[in-house]
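In the two complexes below, chain A is the common chain; its partner is chain B in one and chain C in the other.
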Partner chain A sequence: MRSFRTLATYGFLGVMAFVSVFPFAWMIIGATNTSADIIKGRSWPGSALAENLSTLVTTNNVPEILYNSFKVAIIGTALTLLVASMAGYGFEVFKSRFKDRVFGGLLLLMSIPFAALMVPLFVLTGKIGLINTHIGVILPSVAALSLLFIMFYFRQATIAFPSELRDAARVDGLKEWQIFAFIYMPVMKSTYAAATIIVFMAQWNSYLWPLIVLQTNDKKTITLAISSLGTQQLPDYGALMVATILATLPTLLIFFVLQRQFVQGMLGAVK
Partner chain B sequence: MKSMKSNGWAFIMPAMVMIGLFMIYPILSSLWMSLQTGRGMNLSFGGFDNLLRLTEDPVFLQALLNTGTFLVVQVPIMIVLALLMATLLNNPDLKFRGLLRTAIFLPCVTSLVAYAILFKSMFALDGVVNQTLIGLYLIDQPIPWLSDPFWAKVLVIIGITWRWTGYNMIFYLAALQNIDRSIYEAARVDGVPPRAVFFRLTIPMLKPVILFTCVMSTIGTLQLFDEVVNLTEGGPGDATLTLSMYIYNLTFKFMPSFGYAATVSYVIVVLVAILSFIQFYVARDRK
Partner chain C sequence: MRLNSLKSTGSLGAMLTAGALSLAAGTASAETMLTVWSWDPNFNGDSMQRAMARYQAEHPDVSLVVADFGKDALEQKLQSQLASGSNQGLPDIVLIEDYAAQRFLLTFPQAFEPVGEHVDLSGMAPYKVALATVDGTAYSMPFDSGVTGVFYHRADLEAAGFAQDDLVGITWDRFIEIGQSVEAVTGKDFLVQPFNRTDLLRLMLQSAGTWYTTPDGAVSLGADPRFRKVVEEYIKVMTSGIVQDAAGWTEYVGAFTSHDVSGVATGAWITAAIKANADQAGEWAVAPIPRIDGIEGAVHASNVGGSSWYVMAEGPNTEVALDFLNDVWAGDSDFYADILADKGAVGSLLAARHTAAYDAPDPFFADQKIWADFADWLGVVPEVNFGVFTFEAEAAFLAYVPDVIRGDAALDDALETYERRLTQAIR
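The block that comes next holds the complex of A and B.
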């Protein structure tokens, strides 16, 4: 009975792990096969890697696409972190009953789905003339994607920020913004690291809002490029596999290098 | 003292401005828009006309039904799978624990668009999945994953489950690790069967986390967009069309109908509110 249970446990978890990892292997093997072979289910490496690469590079301006993706994701992440950590700090350190009410109200907004915002956001972005600009992608997605979540995260983390540090800095004559920039930020760097990973992931993988705002090819991000290649009448899966590797590699690298902070960041909300 | 207070607001202000401009203003303007009818920018006040249109719009009803199906079928499957795997992985005697956990968590790093494309190629008619299933003698005809309304829904559910189960599992694992092991030890000494330990001990203690993941998954599923657009394009027909995709189509694909699209988007807001309330109500502490 006991050995059967052990066997069932390993069997079940083994199958689950295999199913979880298989698409990654499929993506890498697929990059070396022709499109026709891929949809015929060929699951061993082929010799079409160079061909797939050149198809992708000739049909798409890959450096530009990657530049756009990194630009939107990095600026969006930096802005989210700055604005959210300032607010989380402000709400916790300068606590008042009124501020707590405001904070409670903001938390309610967290459950508003982005789908409910996209139509008026599109109209608004059009009115301020930001359609087909990266700023038009960044500003609304910073506000609507993860700002509230990260603000909440920072407020929770700020509880552990020692008030003696602040008092000492005040005695030394530091201004409030200096305390934030030179004391709080370095002390909280592991919180910043965890938040960076979560926000960068969300920004890098974001699809719906860039799809709405960006209209010309020279502005497109990698998710948009993959989507337009993939929804063609006859998609070239070989080139697509190379593109999905490019889209997955940054987040995969972050995951393997910073696994602990990665998981810590994800769990931030329920602690 | 006064300057300290104003300083506090200075830290909060940038966030307030951004949220006000890009969340509060849109949600209010969406409410106003939903009362207007007409195409493009030529809107006129229509009162509740859009609400009436909802009840007579077969595409909307189909999208609502599809989204509801995904929610009702997928979320329970995923939560149960995640709970089961977390419980098994929490056993300290398990070998390859870290490796298995990392493998099961890995799908979370992919972008929704990228994995949708991968799945589309894997679930092609002569693709690797059908070949494997035939090879294992589980089926004798290839399954038309992408061209049959039923199987296309199944495919979307498989996709979302693949992407999000490991994510939910991590929350349960973290919660399980906070539970004192001696409770389990005591249950074992008293000879409580594993099934009873799971239902009487683990589930009640994980209730807050389960509630949290259920609410998050509900909100996520109601907004389902990236996967269906890239995996099935809402098809075949409208078999996998979701509410979010319909809002997008109404606004950006057909002649733009902002007022009506805003009305459909409020359906999502109301559904999120109702379903979250129900979940909190069901999970409340009965005294």
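The block that comes next holds the complex of A and C.
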């Protein structure tokens, strides 16, 4: 009976693992085949990787596209973490009669779909002269991501931040911003790590807003580049797969580097 | 952008000199940079660059920058920007797929420049001009045509004892008979169709001069008897056993390029995908599409896909953009010969038919003059108003009519539900 259960467990996990890994395998195999072979359904590795890579590099300014994506994702992630953690800290630590109402109001904003905000946001971005700039991509995304989940997540994590630490720091004469920067941030390291993974992925993969704001090829991020590769008259699926690998690697790397802290952060920051 | 700024630095001296000269002459001449949004740097974007290279011979002070986005992405981007009412960052020229033309023109009537009032469009294929005409005013410069043909592996047809001419000038009923004979010998379906697309229906509808909606916006099913007749013919083709189902676009292209099926009936732009398989050179042929029997005016020519250029009324350089389109796109046959030879782009200028590029035999198609054929068919494609609701109509069609093809529903019931659903969507 027990062995049957083990078998069933492994069988189930095996199927799930296959379902999760298959798209990656397909992507990697695809990157080594010519477009014509991919269309014909060839599912074993080929020898066209170098050719696909050179097609991608000659038809797209890959370093510029990656630079743009990293710029938007890194600055966006740093700002989001800063804003969301400060807000989370503030909402939990300070006492005010209205704070729960304000917090509830902010949570309510989460229910407005982005599509409804897009047009007024575009007008606003245009009025302050940020169309076709990376700051124009980053700022609204910081606001959106902070409100969505991350601020909430930091507030929840801050519940576990011991008030004794803050009191002791105060007695030692630290100002509020010093407590935040030198006590709170190091203690909440794993919460930051977990949030980094989530926010970086969201920033890196963001598509709709950059599409609307960015107007020229030299500003494009990798998601936009991939979208235009896929709808060409004669899409080069091999080059597309190489581009997809390039787009996947940074988020994979971040996840592997921060994996331990991510799990810790999800379980609760302070032990 | 970076290149352009380098270029402008390089020409600083020249500009200063020109500036001094123009001051002296009392006329100002500054460098103009046209911006274009399109969706394929190898195809429509590249064609635009080639057109500009020709224009620059006479207008060295005009340059071009193309931004490319995915096709659907571009439509979404344009729609959002126009809805915002802001003209900041709008391009001068934008490419829109023909099926979406009326939707944009009617939703944002002030946004587009009436190209037909400034540019002579009389040499273009009439159906391309008609599809972007509102109240008698033409708004587009037609680009690539999706003029259709039946592309097929010659050997399959010959194996069943037919010659190429047997596919010329026939009806769909005869085509089904031939397809069934070919399948009996080769074991291969003659055509292929992705289950989630309606390309074949589009082809048949336009060849009969009808569409999902009438020019005044009503559902064709009740208002235009030709629509129902076409659908009946379509179902006859789909249930005859000569059309293979494909799970999606790549499987569709894979089916005829790996010779799992004998051929495909669609727009001329598919030629590039077929020719990508160099090992099949000499094995292919193109026939005109069959005609729908029993509909007056139905022809052996139709259109699937295609796109046109639009000038933004509030773009930064509207006048220059119009002059550029007029100068190159409206009449330069050599330009069209160039993009045909190098890019496989079948333009919409009828006069280009008489260039050497169009008249050249194509070795990939066993020296058939396929481009001359396409150019001939281009001139007789029936004019159709795609209206605003093509995509809603196809969603409704795909939701109910495939049940009839599978034998799970009666045609009358399915069409009645289709009509109800579409009427609701249109409201």
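In this text, the second predicted complex is superposed on the first by the 234 of 271 C-alpha atoms of A that agree within 3 Å, B and C clash if a C-alpha of one lies under 4 Å from a C-alpha of the other, contacts with A are read in each partner's own complex, and residues count from 1 in each chain.
Just so it is clear, a residue touches a chain if its C-beta (ideal position, glycine included) is under 8 Å from a C-beta of that chain, and two chains touch if they have at least 3 such contacts.
Here the structure is a predicted model, which is why all the values come from computation and not from measurement.
Trainee: Kindly say whether there is room for both chain B and chain C on chain A in the superposition, answering fit or clash.
Mentor: Superposition result for chain B and chain C: clash.
Trainee: Comparing chain C with chain B, which touches more residues belonging to chain A?
Mentor: Counting contacted residues of chain A, the larger count belongs to B.
Trainee: Looking at the overlay, does A:9 come into contact with chain B only (first), chain C only (second), both, or neither?
Mentor: first
Trainee: Counting only touches as set out at the top, which of chain B and chain C does A:159 meet: first, second, both, neither?
Mentor: The answer is neither, since A:159 touches no partner chain.
Trainee: Please work out whether A:59 is in contact with chain B alone, chain C alone, both, or neither, and reply first, second, both or neither.
Mentor: After superposing on A, A:59 lies in contact with chain C but is clear of chain B.
Trainee: Counting only touches as set out at the top, which of chain B and chain C does A:50 meet: first, second, both, neither?
Mentor: neither
Trainee: Kindly classify A:171 by the partners it touches after superposition: chain B alone (first), chain C alone (second), both, or neither?
Mentor: After superposing on A, A:171 lies clear of both chain B and chain C.
Trainee: Quick check on the superposed pair: does A:118 touch chain B, chain C, both, or neither? Answer first, second, both or neither.
Mentor: both
Trainee: Does chain B (first) or chain C (second) touch A:132, or do both, or does neither?
Mentor: It touches chain C, and chain B stays clear.
Trainee: With the two structures laid over each other on chain A, which partner does A:38 touch: chain B (first), chain C (second), both, or neither?
Mentor: Both partners, chain B and chain C.
Trainee: Does chain B (first) or chain C (second) touch A:234, or do both, or does neither?
Mentor: Only chain C is touched by A:234; chain B is not.
Trainee: To test your reading of the overlay: chain C has the stretches 2-10, 74-82, 272-280 or 290-298, and exactly one clashes with chain B. Name it.
Mentor: 74-82
Trainee: Does any part of chain A touch chain B in one structure and chain C in the other, and if so which residues?
Mentor: Touching chain B and chain C on chain A: residues 38-41, 118-120, 122-123, 208, 212, 227, 230-231, 237.
Trainee: Quick check: in the complex, which residue numbers of chain C touch chain A?
Mentor: Per the touch definition, chain C meets chain A at residues 1-2, 35, 39-44, 65-73, 76-77, 80-81, 83-86, 88-89, 91, 250-251, 253-254, 257-258, 269, 272-273, 276-277.
Trainee: What does chain A use to touch chain B in their complex?
Mentor: Spelled out, the residues of chain A in touch with chain B are 5, 9, 12-14, 16-21, 23-24, 26-27, 30, 38-43, 82-84, 86-87, 89-91, 93-94, 96, 99, 102, 106, 109, 111-124, 139-140, 142-144, 147-148, 151, 176-177, 180, 201, 204-205, 207-208, 212, 223, 226-227, 230-231, 235, 237, 240-241, 244, 247-248, 251-252, 254-255, 259, 263, 266-267, 269-270.
Trainee: Can you tell me which positions in chain A touch chain C when the two form their complex?
Mentor: By the definition above, chain A touches chain C via 35-36, 38-41, 59, 118-120, 122-123, 126, 131-132, 208, 211-212, 215-218, 224, 227-228, 230-234, 237.
Trainee: For a test of understanding, state which residues of chain B touch chain A in their complex under the given definition.
Mentor: 4-5, 7-12, 14-16, 18-19, 21-27, 29-30, 33, 81, 84-85, 88-89, 91, 94, 99-100, 102-122, 124, 126-131, 162, 166-167, 170-171, 174-175, 194, 208-209, 212, 215, 219, 222-223, 225-226, 229-230, 233, 243-244, 247-248, 251-252, 258, 261-262, 265-266, 268-269, 272-273, 276
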